[in-house]
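Two complexes come next, and they have one chain in common, chain A, joined by chain B in the first and chain C in the second.
Moving on to the complex of A and B:
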């Protein structure tokens, strides 16, 4: 098992990496500090697990060299758990990437990082509800001060792949079938119950 | 209760994904009233042109003043020059055996030298350049870099200069690679990766390689010719913008707008500043020590074998007629392929010998900046660019050296100083 740290540029992935591995990679407060991947080792419940700091990407359709590296890392490490680091003050943007990764069948843990910034901006996120809808662990963190890390690490083993239909179902209270279809799947047939 | 059943194709389309995100965030995220905090106020002050430009000037001036005081006055002039010129050099000259031998020449250099710039030996000039001058310069540079980076000032500076850089087909983001290059061109070149098109990357790398001097080079220039620094930076900035303008016209491809996030200001942590200072300074020493010593060795051997005199004779006419610098500058130009700081240091040796006019020193310093990126930068460019782009960069470089170098000479002639 490997762990990939993914997320938008400048959400704090490298700070995560340094905290979790005790390594020293460059951390700065501007987008694009990490342009290549870095590997390190962290302890997870008594075993050594490889952790990879992936360059920031807005989506899995690469637009620049750094994003190309990110997508390549994801594809080359099919057996990884992805810790998707989101800027808690810009949840929507970050969820886009998180959903893309979930759709590709990776087990994901969502870290709502920069939680302190979100609080400053008076943004409230219902973590438990978000967790229920997504079906993946969601942990608020403040990487710079290290808050939330213990919980995050303990949730990594819980991560399991989730079907996107499930997420759509729980987000809209609507039952959904895949095109591959369990249960026939007509064109949005209304069923009363 | 109504339950709808829909068909979903995986992966979702872009619109479907955003639809879903909207549904999720409506249920889980609540945006409260935003308070205008002190952070916001500072953020605005540094981005709006009316206040932002004075702030930028103050920041850069503060940066420069600290750099000169800390590296130049305090460490180099205060401690290191004394240590090297009054103790290390005389001691080495007295204990190193065989003044007439080639070993002495390689390691100690000129037995009559009374300062480390003039000596040219590996253990004299070589060590003095690294530990006497450049180490303190890069330390000061990296310290301020780390603070500015962690606070989050760079993206604001990018917003401010965006309009100017647009005129040469670059964007505010170019400030990040440029700024990093002022420390060392190597991370500057890697920082071009977030640029979207090959054209932008090519232009940026070429401009960095030609016109942006690194911290080591700036440090030694500041030690050698402090009174010229303003003119040097002005000349390089004009070259950067002017040549950028030309490149943008002739290089095929597009320069789309880059949208850059402006992150919130943050209090830098001492731990991270220290960690970055360590990563960068140790990285500097790891490359600089072997390369500077190797450069000294090669140049020393070339003097001993007569290769240097031969090169000076061959390139002398070109150097004197076209660029207006003495043929002796061939030695620093050779050293500059390996390390720019060593090259400028060697120029210092020539200055001490009194064979150059002020204007010739100025021209040589500029030539050393623009004629070739150092070996480490060039090796990285080969990795980052394809062969066509490499040839393009080299062609631009050669053209630039001749045009710009000649132009500087011409201006000198017209002003009557060359």
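Moving on to the complex of A and C:
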């Protein structure tokens, strides 16, 4: 099992990385690009697990080299758990990427990082509700002080793939016909807003 | 009134009305989608980028991108 750290540029992924690995890092150069990613190891329930700091990406539709690397790394590590790091003060934006990753069938843990900044800005996020809608663990964190990391690490093993139709259902209350033809091609819905 | 995002004045607010098809996915990850409220935060001179505020967070866009987004303003 591998753990991929993904998220927008500038949400604190690298601080996350250093905290989780204890900065026992090695640099690695991805062939064919100038974009670097960092690899390291962390202890997870007595096991050493590889952790990869993926370059920041806004979405899984690559528009630049860094995003191309991010998508490629996701595709090449099908067996990994993705820790999706979001900026809690810009949560809506980050959820777009989180949903894209979930849609591709990866087990995801969402970290609402910069929780302190969000609190300063008076942004309140209903973590349990978000968790209920997404069906994946959601943990508030402050990477700089280390807050929430114990909980985050404990949730990594709980992560499991979630069907995107389920999320649309719990977010909108509309039942979604799957591509398999479930429900006889009835109503379908898309995430909006 | 409709205008291009690139034509908005400083501090002007509006609602995103239309995004050119080929651009839609590119800006969606940055939080810019049709129906979103948007405010012009900074305009840089000499065809420089614009900075817009969407959902309390700031995003900079190249002028070429901003020209392909139509905004309904007050």
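By our rule, the second predicted complex is superposed on the first by the 174 of 193 C-alpha atoms of A that agree within 3 Å, B and C clash if a C-alpha of one lies under 4 Å from a C-alpha of the other, contacts with A are read in each partner's own complex, and residues count from 1 in each chain.
Going forward, contacts are C-beta pairs under 8 Å (C-beta built on N, C-alpha and C of every residue); 3 or more make two chains touch, one makes a residue touch a chain.
Predicted model only: the values in this text are computed from it and were never measured.
By the touch criterion defined above, A:52 reaches neither chain B nor chain C. Judged by the number of chain A residues each one touches, B leads among chain B and chain C. When both complexes are overlaid on chain A, the residue A:129 reaches chain B alone and has no touch with chain C. When the two complexes are overlaid on their common chain A, residue A:121 makes contact with chain B and with chain C alike. Using the contact criterion defined above for the overlaid structures, shared-chain residue A:92 touches chain B and also reaches chain C. In the superposed model, A:63 lies in contact with both chain B and chain C.
In the superposed pair of complexes, A:165 makes contact with chain B only, with no contact to chain C.
After overlaying the two complexes on the shared chain, residue contacts for A:3 are found with neither chain B nor chain C.
Residue overlap on chain A between its contacts with chain B in one complex and with chain C in the other: 8, 63, 92, 96, 121, 123, 192-193.
Those residues of chain A that touch chain B in the complex are listed here as 8-10, 18, 24, 26-33, 35-36, 55, 63-66, 91-92, 95-96, 99-100, 103-104, 114, 117, 120-126, 129-130, 133-134, 144, 164-165, 167-168, 171-179, 181, 183, 185-193.
By the touch rule above, chain C contacts chain A in their complex via residues 25-26, 28-31, 33, 35, 54-57.
Residues of chain B touching chain A in their complex: 1-12, 17-18, 20-25, 27-35, 37, 39, 146, 149-152, 154-155, 173, 176, 190-191, 193-196, 201, 260-261, 263-266, 269, 272, 275-276, 278-279. Residues 8, 57-59, 61, 63, 87, 89-90, 92-93, 96-97, 121, 123, 192-193 of chain A touch chain C in their complex.
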